[in-house]
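Each of the next two complexes has chain A plus one other chain: chain B in the first, chain C in the second.
Moving on, here comes the complex of A and B:
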């Protein structure tokens, strides 16, 4: 018994530290006067069963457990990251919602779990991930258990931030997450919420890492109010830091001062230490404030362009001959291997024979190419191209597509707004010093220290909107009415021809308008009088004409000769 | 212009009229050659195709798809009475006393839903054995054994299915105990209250017990949440999964025939008490009626996960250092735990002041946390509580006594069967009232399966086969819920009939008028042809 309790105690202590939590904030003033801040909240646990948790969010753990998720990336972004002037972000995410997941290798029905996962996450994060279906997600060419989808139309707002913050152990009451006030977050030029879950295995021993990230880009002119380029925590987030999260092993702020060489600026706080000569590190303990005074006005530093960036646009005019062009710029002095993945929705059928890859205007053949044709309403057009980008070159991938008529129920609300086409993905390995933040390891501090020659970056291109031919939506009813009328119009004469026969007969008495009116008058009078005189009425007064006594008038029909005479007399006079 | 036209045309007509008058004979000849038969026949064929084939076909094609349901069997369910068969074995030293007890049992349970077959036990002399030895006697599932023994002073209920009573016990007292053990009141109450909301048993305890129970389901989540509002001041080192596995899991394993329970735990931090508890002497006290001030702010953060199953919440709230010790106040008694009906329980975990001030982590006692949780769990799932009425043999673990488990089975069978019956009846009534509801084959099959299972429940329970009955009642319950909540039922609910007519009238009206008008001519033709 004693030994048993000892074992228990041992397990106890062993387990007590199985989950760790860290908070980090990375601030980088960007060359064009913007300030980029990247929050990362990391929970690492050693156990892969999520039934019991101390710091890991239970609701997310339940989802991960239930749908056999091995790896998960969700990004909710609003705004466009401008690679050309801002460099690389820590997490590259296209505008809208993006989700990718890898399931456990032994998962039987991957699709079922994928749709279950997206539905559960849409409930958890208040997003429209439930609109993900086979027509807007793809499985990787090599990986059976990998699924990817993006919803470019998704609007990211406070309703996503609030549930996202609930997943944090300290919620928004303490620590760095208290800086995330929805009013300020959604004022940013670019903001992106992320949930990244992955296993980190080393020599058969795995740890499970959950990173919750926020990327924010503020325009320092806009937030400083005095038309200068000063920025501070309070100006950006509306509040300072008061208490650190007691659950975090440490909370740190990193300030990238590498741009100090071109635009020197003053920082209000002396850093605790400086890493790699350029990154100021602050260990947070209590009340903290950080501000920077940037004296000189903004200068456009065009030479700060990143090594590799992309451009994407559509060509063509009207609703014919649409074309899709993706340009990849390689400013590096040596060649770079890159993989371009295009996922084009089924309503934009591409013509494979028009696929053209040129490098500086010269046509080149890609190193590898995987093409999975799409299928209406079922599958997207998947195009994966592996290229070797020549040094200092512009590579252009162009393909032509068609505009498709949709069924009337397939148009989204506000169909004239246009259809969003999600971004393409460019994966390339570039030298490590050219990247911003890397993620080989869990924490920013470890990644800042990490060494290695190359790093795989993943660029997301712009989304764009196209206008498909949009019908008038009252059309179905109009078509029904019109078709019915045509059928009815055709049926009438056919029925008449087959069942009736025109024949000439001697003129018989045909009641004309006058006699009908007269009859009606008498009938009405009868009714009127009958109430008083009990049906004696004036019925007897009606004079009935024999057909011979009548003559014909074109408008009145058969009328009495007297009437005819009166009329003729009247006309004559 | 008008006058000119008016002048000219009459003269034309007069001319034609005179022409016509002169050629009467020609027309008579033409009339005779007329293909009247053919024309009328074709009019009749038009009418036949449109009215006899077209309209019924259209009606059939635009009809709402409805798979046939066993309406007769559903309505039959409510006419059959539930009869639960149970054996009671009686052992006394005196055969006359035995006979008398058996007779009394038959009289007592005559008007209940139980069909008791009481019989004398073929049991050896009980005085030779101690109580522990008597406990070894195995009584079959669902039955009870009354044993007269001198080893006890009062009626005592064992851990198995045995009831011990001393000689010369008042037979009325014995019958009362039997009634309680078989839960005749609770069973009929749960059935009555479900069938006729508002009606309930006269026994207040039975009613409160029923109201506490979580809603019937075949799967439950059990979520233990530990809330530490001040993680910076107080470090609690406790792993909930170890005590949960040790104390709750055996109980859940025992209940696995009834439903599946998935046990989870989580920690939450920095959630403050909304209401400041007042201080009485040396303790802080929160009125039990103010428990919602704790539960409501917690509820937003608890999160029952992704499953649709009902979740039983247990919250262990670590008292903030400034409010130690904190208790609930109820009927002049101080308790640390409190139960919220159909939801779960909350308890305060008072740390010692020592660990508040120093950097020593607080290690709570597993048993003192788990005891209220297990008790609350019993009430929430409907384990009968008899301790107020009779003495029970103490348990050595957290598992249930066998007769308690039998009672649970009976209760669940009745609950699930009644639920199925209500669901099926309201489904069939709903379908009768709203003609736009689609019934696809899947739903139709589920309903049929449910009805069949419900009928089997009644058959099994009448034979006294509790486990089979439980299994069938689970199937019946699940399939009826599946059918009732199937999304396809709502598919056409918002497509009213007038829209159907609005779409088709532009076609039918112009086509039908000539066809219907021609019917008169056809009728005349038929009369002319066949009658004269």
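Moving on, here comes the complex of A and C:
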């Protein structure tokens, strides 16, 4: 099929469902010799029914339709984005899997749709999103139809990338997606796959936007092989660009050269044009290659340090009591309003009364606070704090928690590896700083052109691992036996005391096994020699006396009547 | 004797006050043996602060007291400063000791009176089995000093566990048993059992002790006591409902106790057993263990010990302290201080030495292996489980020994001390 007939075909189909598709790649050299590349594949369509589509992935459209999804964000990430030295990414995603969705306002059973959605997506993307349940997701305090969950333990791998690429109109054969080579993608220091679907409504008229994003951070020293800081498309992705995707309206590469003033580097290609004096733009048409020769970079962290960044860690030692500390650094000259959302799993019960918010060491009261206590195996501990971060301050939120002892089957296979605790979320509106990508526009180019002064950022803090105390997994039978034995130790004597009467006997006490052996011996003796000896067993000789039958004698103790008769005779004689 | 009593009292107060304001108090309160999820002060504070913020504390997983206690502690912490709150705990402990003192005094006096009536029935041989008159002075003193000086009760008080209040109500209940105050007994019994559930078994000794001697009126009296308790508990539960406006607290208090949701180690048997339990057998064993802890021994022991309701109460308290789902050493300390009341049985007890050695050993070993397991991570859960097993076994030995002593004394009173038949050595056996 030649290109002409293809275009004709799409004109024919595209008539009914107007859809547009664009491919973009944004490359930004970071401090300390890292290179950040951000791919964005955007489909925009006008029809809100996803039954028929040409560019919009049909499998995803079905899921969106079926579960009444209004907005969806899925991020699969491996590695940690270092805000302090790298600035802000285009999409801030915590390590592991993160999913949030907003359903249509008239959705009846939101939870049912939420679990349906996560299960469907786990099939679509080969992830463990099916492990999402009420114990690791929360609904927003303000929004009934919003759900959020993250799975910090999720291991992002090739098996996620392949189905992700299949959602693209050109798959991975043509266009920018041909750069996404699974071997190279998973070699990156940080990589994050994203699917972002949202409606864009303007005066009652809605468009639907689907963005598939990939964020990759490569260490240029590692990829250059010659221990220099040079980088190129081939070095990063293992291949050059050969064909563009014919379905895309345009394919563009943007190169942020703003750091060129402090760390100059040479680019192999002249850009088609330069945006805002610092961003080189390349329109892709055919074979394309881009490389940069970088002399040893000066490591200047301070000028790249973002206005707002976070830190999170646990305090205390031992596996009994601990503390969770989230620090928010505000390096801005004026104060910033921030919302901190902590979602702490049920096996880390936090004590609300130990919650302490300090700013530069001085205790402050938050502007607003929402706390929903968690419940074992059912619900997370949800804490939402609205704070005003003082200018140039460190705000610290600390809370105490207990280590919980779980049932032995609730521990993951490698129990002593520990449990992953997902990140906290910090939302704030900060002034535009350096070249940061935002999400308020559909296309990267629009975002780069944006002139808005403030923008909303959503920071995800570090995950951490906590090792809960473990039982001995090899012990279940022993424990059951031992504990039941102790119960029997009480039951036996009390049963005897309450049901039996004390009596006197002259039978000798024979302990445990010996008594069984003796009884066996008597029994055998009876069988074999009963005829010869013609007498009953020895057991019959022993008599148990009920004290009531006996009378009491000061020297002989209890005495039977016959005995007394004999005694009387004896004494008389 | 008054001087001695005063001395013991002041020593007890001094220890409590000193420990309360020393650095030890927090580390004592953090001990798993002292504070369980059910009685820890930290969780009470958590519940109160949630309640004051208009968040339902029963939504969460940390607070398990009744709404009545919630309101009480909320008032307590808002009106008093931290210093006075700890004083309240100390004063409660003193009152418990005081009530126990009078309980023991009245009980022993009653025993002596009874003995004087039935003395003629006994053989002169048995004179040394008779309770000497000075027991009515010495026993209460022992009871009081055991409660005041026992490290278990002291730690429980320092850690501000709610067991302190519970013990006070239990002491009041025992007091009304010997005093035959039906209403006070029922009220204190219900107040003690509402948050901890298991002690409702004490209804049996209360019914027995409140009943008149006339056998015809006995059944009626039993029913009245039972109904009084039932009415009081129903009305208190309804009051709880009115405080919270919903019944969710039932699941948070009784569901939590019965289903053993928190598997944090304590001195009991439940935690490791249900940690290691296979999920499909869980319901069965929960039922079995809870029956064993709550009702299994009530009826047989009540029939056997019907003549001595206080011994019945002591043994039921001991058995629940061993077998309940979240036992703490506060419960152990309480029943230990009841033992001197039954000093006339000590003559027949055989395992006192072993039991006391094990008590000391377990008390020393438990924190040691806990530290090895949780902090230095060189031991594992089995070590601590071993200690709790030994501790439970010890307590079981103690109570069975006491019960055997009771029936042996009963036997000896009737049939003499000599264990001989026709001049030959004989032994006692249960048949």
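Criterion: the second predicted complex is superposed on the first by the 458 of 573 C-alpha atoms of A that agree within 3 Å, B and C clash if a C-alpha of one lies under 4 Å from a C-alpha of the other, contacts with A are read in each partner's own complex, and residues count from 1 in each chain.
Assume a residue touches a chain if its C-beta (ideal position, glycine included) is under 8 Å from a C-beta of that chain, and two chains touch if they have at least 3 such contacts.
All of these numbers come straight from a predicted model, not from anything done at the bench.
In the superposition on chain A, A:480 makes contact with both chain B and chain C.
Once the two complexes are laid over each other on the shared chain, residue contacts for A:452 go to neither chain B nor chain C. Within the superposed three-chain model, A:183 lies out of touch with both chain B and chain C [touch as defined at top]. Residue contacts after overlaying the shared chain place A:54 against chain B, while chain C stays out of touching range. Legend: residue contacts after superposition of the two complexes on their common chain; A:501 is shown touching both chain B and chain C. By the touch criterion defined above, A:491 lies against chain B and chain C together after alignment on the C-alpha atoms of chain A. Contacts of A:170 after superposition on the shared chain: chain B is touched, whereas chain C is not.
Touch criterion met: A:319 reaches chain C, while chain B stays clear of it. Shared-chain residue A:409: touches chain C; no touch with chain B.
Chain A residues in contact with chain B (one complex) as well as with chain C (other complex) are 480, 487, 489, 491, 495-496, 498-501, 503-506, 552, 554-555. Taken in their complex, chain C has these residues touching chain A: 30, 32, 42, 45-46, 48-50, 53, 55, 57, 59-62, 123, 125, 261-265, 269, 271-279, 285, 289, 292, 296-297, 300-301, 303-304, 319, 322-323, 373-375, 377, 380-382, 385, 389, 392-393, 396, 399-400, 403-404, 407-408, 410-411, 414-416, 418-431. Of all the residues in chain A, the ones that touch chain B in their complex are 8, 11-12, 15-16, 51-55, 58-59, 62-63, 66, 120, 123-124, 166, 169-171, 173-174, 246-247, 477, 480-481, 484-485, 487-489, 491-492, 495-496, 498-501, 503-507, 551-555, 564, 571.
Across the interface of their complex, chain C is touched by residues 317-321, 346, 349, 351-353, 371-376, 402, 404-409, 469-472, 475-476, 479-480, 482-483, 486-487, 489-491, 493-506, 509, 544-545, 547, 550, 552, 554-560, 563 of chain A.
Taken together, the chain B residues at the contact with chain A in this complex read 3, 5-7, 9-10, 13-14, 17, 20-21, 24, 27, 30-31, 34-35, 39-40, 42-43, 46, 223, 231-232, 237, 239-242, 262-267, 269-270, 300-301, 303, 305-307, 503-504, 506-507, 509-511, 514-515, 518, 521.
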